[in-house]
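Look at the two complexes coming up: subunit A is in both, with subunit B in one and subunit C in the other.
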Partner chain A sequence: MSEQKEESGLLLECRGINKSYNGPMVLTDVDFSMRHGEIHALVGENGAGKSTLIKIITGVTNRNSGTMRFEGRDIGLEHSRHAAQTLGIAVIYQELSLIPGMTVAQNLFLTKEPRFRMVRLIDIRKMNAMAQEIIDCYGFHLKATDIIDHLSIAQRQTVEILKALNSKASLVIMDEPTSSLTSTETSQLFDIIRKLKEEGIGVLYISHRMEEVYNLSDRVTVLRDGRKVAVLDEAQIDPAEIIRLMIGRRLEESESHHMLSRRDGEKVLEVEHITSERKFTDISFSVHAGEILGIGGLVGSGRTEVLRALYGIDPIDSGSVRFFGKPWTPGVAQSIRTGFGFIPEERRLQGIMGAISITGNIGITNLDTIRKSLFVSDRKELSLARKAIGLMNIKPADPAVPVGNLSGGNQQKVVVGKWLIRDLKVLFVDEPTVGIDIGAKEEMYQTFAQLSAAGVAIILVSSDLPELTRLSHRILVLRKGRVIKEFAEGEVTEEDVLRASSGLVEGGAK
Partner chain B sequence: MKFDRAKVQRLIADSRLFIILLLLGAILTILSPRFLTIENLSNVLWSVCLIGIMSSGAIYAPVTGGIDLSVASNASLSGIIAYELMNVGHMHWVLALAITLAFGVLIGLVNGVLTTKFRVPAFIVTMAAKTYLFGFAMLVSNGATITIMGPPQFLAIGVGKFLGLPIPIYIMLVMIIASHILLKHTGFGRKAIAVGANEVAAKLSGVDPDLTRMIVYSISGVTASVAGIVMASLTQQAYAPNASGYELDVITAIVVGGTSLMGGNGSVAGALIGAVMVGFINNGLNLMNIPASYQPLVTGVVILLALILNQGIKMPAFLRLLKRA
Partner chain C sequence: MLIASRRRLILIGLLLAIGAALSLLSRSFLTLDNLMTLLQEASQTGIVAIGFTLVLITAGIDMSIGAVIAVTAMVCANFLTYTHIPAALFIPMSLGVGLLVGAFNGFFITRFKLPEFIVTLASRGILAGLALIIAVKDSMGFVSNVYIQDPVYLSFGGTIGPVYIITIVFFAMAFLTQSFLKRTRAGTNVYATGANPTAARLSGINTKRSIYGVYMFSGFCASIAAIFISSRMMTAMPDFGIGSEMDVIASVVIGGTPFTGGVGDIWGTVLGTLFLALIKNGILKLGISPYVQPIAIGGIIVVVVILDVWYKSYAEGQARRSARRARESDSRSAAA
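Here is the complex of A and B:
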């Protein structure tokens, strides 16, 4: 066995990994390997299976079949989080696993604190010294006594990395680590990653940002639809090629080319040079009645922030907005009364009130129409709920069921349904089909098409490229808080959008 | 009509607390022949009316996921303020009570502003309020126990009777019914529940969570003040620790009544049932001549049993619903 280890010299080797959660295959026959001290990027579209592969490697979920070897040791089908940690596999979360009120040292040595010999109390001085030693050893700009709460997100990530190093990790996994970092912080993180490589630690890096993958990686594995499509060596890494591989098969299908079409209805919303500090800069566009305006771009590019500002949740620092030609200052309550609707991302956190019935969830958005002076009409509220249940085909069709008990697709139908019973003019939609089944997805698309046909202006933010290109009449691409590209007419492919999102606007690699 | 299993389950779930109350009543009837008389039952209602009045307004804080621990201090202070205005300041009793109530609103509003605008947890804000309001009451009353001799209209609030029942019972019933309507049938009630269920989702639906919470604590303040006035009239006394400890009885009534301290639901009728249940236990123990030193122990255990029974019936139904979805 040990001879083989020397021969292969691989840090991690996965072969023929298969995984399905209930029914459809999420990963099919995936091979994946990491060398010692390599920076390896894992790329793929949303739903390609990246997260699932990571979960399998870190023991969060178990594979159905296939073999896994880590540092020459076989990992059985019954893998676990704890086992992964003991082996030396660490995942860097953005901030979740740190305790905010504690110091860097306390977090690093949590449950492993050095103690006095006689009285088993924690030796704080020794702990701080030990922590500082580790920090200095890697040359990080941190103090052992810094409190996590007072650190920037980038610094917190550094502490996470230290924690991994302190537990003798030989594989560090980072899932989109730069999505909330500034460019300076990003380059600091890259320095750290390179330092890890020098120490012989393997770094598995997941990112949608092509320039990062291009700059940083020794190798790249591309996943598509749950299969491995390519492993590229350093010399072969080319952002345009990677994008082609990620989109791949669908290019051959007619569906991947979408004709954009101009809508010449009345201008419903005109946005002129709006800016919000640290979120987005100088955004201008207009939406016509009956138009679906898609907004593409990477997570963190300012898409959601623009929607939130226009709906009136967050303030706009400068610039102006016009609604049917008249100046308009957004504010949530007025927005709703005037005919705006908002379908937020992260349904469970922002969209639904889980413990409350379908009726209650729908009623709260429609208080203005079901209220007569002071009192709410239960009868009207119930009839609105029944109407929404009918329009969206919500199952079970029982208005009294708590929304938290519904399936993901039906929960989302409630979130959409509560707007359909209003006199809607503009609908903001943010990642409407994340985590819902295909059937519900199709119904959602039909609903948006019907709304558009009825003259509602829709602004759609989506990371799901097939969804974005299929539904939109026109597509804006945001990058780093600015509009970097508009696809207004003619043909658009998912590849075009992804290239623009990654900053490869005019075709050539950088 | 079609037999709808889910509906039947919900009906049982909704009325299970009332069933527990009836069970308790049945047990006490068997244990003591003097329990089930109109006079005794009216005594029980009378004994819980202050808790009932306070609960009618204090329930909104847990509905929004908060808590109000200042209601008892607020009530004691209100009694003292009413006395000072009427008997020392020689103000007309109606005006004096109006000002007292306005003061109650103000106390609640301050709690609300501190929790929303300064982001201090409600537990801490109202805990502090409990202490400083007590301090303020000590200052105003010079730490003395004041005996209130009049005016007769004021004393009638607490000791008067109408159709054979004490007036405080009517005040409690009116306030419980009004609060029930406010919670279940007005926009404000819906907003309070929504804020407790998911503040972000509520905000995106056009609810102003801060404004809602400020109103919530103001309501809590004014009902505490009403209770304080009734208490002063009933006991013909005003002193700083007059209602001391009532805030926990109020929370007990609300929680036994099925309102979650996590927010997002609430039952005013349940809170009344909760209060009556505690009243039943105390009354039953008295009737059975059980020494006072045993009573808190028994009360605590019975409350715990009621809560477990309440949960115990809810869990399987909840699991079945999940499976169905």
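Here is the complex of A and C:
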């Protein structure tokens, strides 16, 4: 519109951004820019610094050094979320910022409700009409009077986007917006994103899905280990190339092919055509004694859901499971008794009871072995805890310490330790090393290797590609709730797994 | 909102059905006199329940309301006994008791982020003791009954035509509060604060102000109720209102405001208080021991909550099923 804006050219310009939380650098000398009306994808592996960069742009956290300009105006080091909003930077959260129980119109006009001139009461009719006008103007399929609670996730995102538009945002940031959407909903969202572009609004888009990046973006910025490694223009966007850039420096390592090996032990678990509606479809595989079966795939591909269903937390709609050849109906209490173990994804929420001691945390899954008539034997419980502390090298080695006071790595050791003192047959592991230090990580890997050597079957879900390829004897890759690829024999590289996860099986972009 | 309105229709239906049954079973139920008394009793609980509903909408709770009634009544008793200040002057001043207590609650809840239940339970204890300390005593130091003779004060317990003044005030307050909730920005902020405080703050809502507001209003409502109760009883005792939280909570829960916040409205609470008063009145009219009342109220709360939970999961299942049907037809048409 205005000539000056066009002259300055850039909507957002970040130069030399540095950030460290305490100690290690999360972002080093990152340059990042966005043009007006551009769809810009930000890609990188987990931990590459994407989220941190977003947080800096939206004022959730402050950078240590570097300059930032938005629409030609300098943003000081002391940026804030409120300041970002006022400037016109909006983030689309999945559900966080909508008020349940209210209508679409109420959410759109929250704190800005139109009122009658004389009495200061809200003019509900006018508010609904104004909201409907905005909705229709963008051609969205929504009614102003719909209650948020009755909308699908995709529709809620639409409301979030409308809210951003209504607050005159000129930069809209979307962090993995499609991870919980169906394919129809995804294509609807893409139409909306293209519409935003037509309106001259910049869209910063974070995704792990290469075909989305390929189809949608005008430019792509690749981050790796907190540094900017490349900015690609539309003509240069090639999914295979992006994956190479994302893995980059570890190229030799990632190409150092990990040998997969068949285990011919007894079949412990045979899964045949299991399906759970909206979660996963027609999954079949088997695990042998002593085998580590890796499950790769993107967040939202159904990996965690498969583990939960097999352990007996969530129901299976159809298909069958065999345990040592016999039909098996999963159920948590029964699973534990029979020799299943489960290390959940969210340690703090699902793995530990923070206020309770190591002894209590370990005792809780082993009550069957330490119960003496009606009461729990404190002595036996304590000796179990000591044993687990010894096996896992938990620090501090004090059974009375509340687990919440331990470091992340030691908390995870407690979670693993409580299974080790049982007669384990199968262990389900979901993202075992997120947020723990390298030392604890190595110890964790050794533990899994020892368990495998002792004949325990392990199913490992991990987004950490080096971890997945290094530990697994065999790898399944899930995509949209289905097994899309199995790496059973020969060699596998991180790149292979990432390509399969992103939907680029056998090198072809879809 | 569909769920809420259907629930409301069921409640109205039940009210009418129980009322009809009582008319058949008891000859003294369907009389103007009894119905007006019933409304009067509903209004005593209802005025307090209006404030309490707002607190629940912010996902809080106010356990201090009963004790606010006691202290307000004692403040009035002191004015009546020891001063010649006219009632028209000291009554507005005594309403400040509720506002002050509400501000105290709001301060500790927002400033120190203490749990609402603990803060208001503590105020309840402090106020119950305070009521005894400031109670009018005889020469031996025992709490003595204050017999109210002030005509202005007593007029609050009176009627206009056949209708008690408190009933008129109750319905007027209900109407105004409902309009406040639904038609003002501050009212919208109350809902937002309870439904999703993080989102509310991100949208620029001052959630602390909403919280201060609802606790002050809750205390204010309790103080208003105190004036009417003492005026009707023509006396004031330091245990007035203590324990009345039970009836207030029951009314609001029956009315359909959940403890989870973000949901609820005043008309539901009005129906809830009428329902509760009807049950109590019915027990009396059927000649059942009044000691059964608390048991009946407790039982009703459990039944209502069970039905609410059951109905909610049923309604959510319906919504899921219809969404799935829409998706399926959507993908079919996309495939075609």
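Definition applied: the second predicted complex is superposed on the first by the 497 of 510 C-alpha atoms of A that agree within 3 Å, B and C clash if a C-alpha of one lies under 4 Å from a C-alpha of the other, contacts with A are read in each partner's own complex, and residues count from 1 in each chain.
We take it that a contact is a pair of C-beta atoms (placed from the backbone, for glycine too) under 8 Å apart; a residue touches a chain by one contact, two chains touch by 3 or more.
These numbers were taken from a predicted model, which means no experiment stands behind them.
**Q** With subunit A superposed, do subunit B and subunit C clash or fit?
**A** Overlaying the two complexes on subunit A (C-alpha atoms) leaves subunit C and subunit B clashing.
**Q** Would you check which partner chain A:F342 touches, where first means subunit B only, second means subunit C only, and both and neither mean what they say?
**A** In the superposed model, A:F342 contacts subunit B only, not subunit C.
**Q** Could you tell me if A:E266 is touching subunit B, subunit C, both of them or neither one (first, second, both, neither)?
**A** neither
**Q** Looking at the overlay, what does A:I122 touch: subunit B (first), subunit C (second), both, or neither?
**A** The second partner, subunit C, only.
**Q** Counting only touches as set out at the top, which of subunit B and subunit C does A:E234 meet: first, second, both, neither?
**A** A:E234 sits against neither subunit B nor subunit C.
**Q** Considering only touches as defined above, state whether A:T184 meets subunit B (first), subunit C (second), both or neither.
**A** Touch status of A:T184: second partner only.
**Q** Check the contacts made with subunit A and report whether subunit B or subunit C touches more of its residues.
**A** In the superposed model, B touches more residues of subunit A.
**Q** Touch check for A:I356: first (subunit B), second (subunit C), both, or neither?
**A** After superposing on A, A:I356 lies in contact with subunit B but is clear of subunit C.
**Q** For subunit B, sort through 21-29, 75-83 or 129-137 and name the stretch that clashes with subunit C after the overlay.
**A** After superposing on chain A, the clashing stretch of subunit B is 129-137.
**Q** Taking the touch rule as given, give the residues of subunit B at its contact with subunit A in the complex, in rising order.
**A** Against subunit A, subunit B makes touches at 6-7, 10, 181, 185-187, 189-191, 193-194, 197-198, 200-208, 264-265, 321-322, 324-325.
**Q** Give the list of subunit C residues in touch with subunit A in this complex.
**A** 1, 179, 182-185, 188-189, 191-192, 195-196, 198-200, 202-205, 262-263, 319, 323, 327, 330-331, 334
**Q** Mind listing the subunit A positions that touch subunit B in their complex?
**A** 311, 313, 332-333, 335-337, 342, 344, 349-356, 360, 363-365, 367, 371, 374-376, 378, 396, 398, 400-402, 405-407, 410, 418
**Q** Going by the contact rule set out above, which residues of subunit A touch subunit C in the complex?
**A** Those residues of subunit A that touch subunit C are 81-82, 85, 96-102, 106, 110-111, 113, 115, 120-122, 124, 147, 150, 152, 182, 184.
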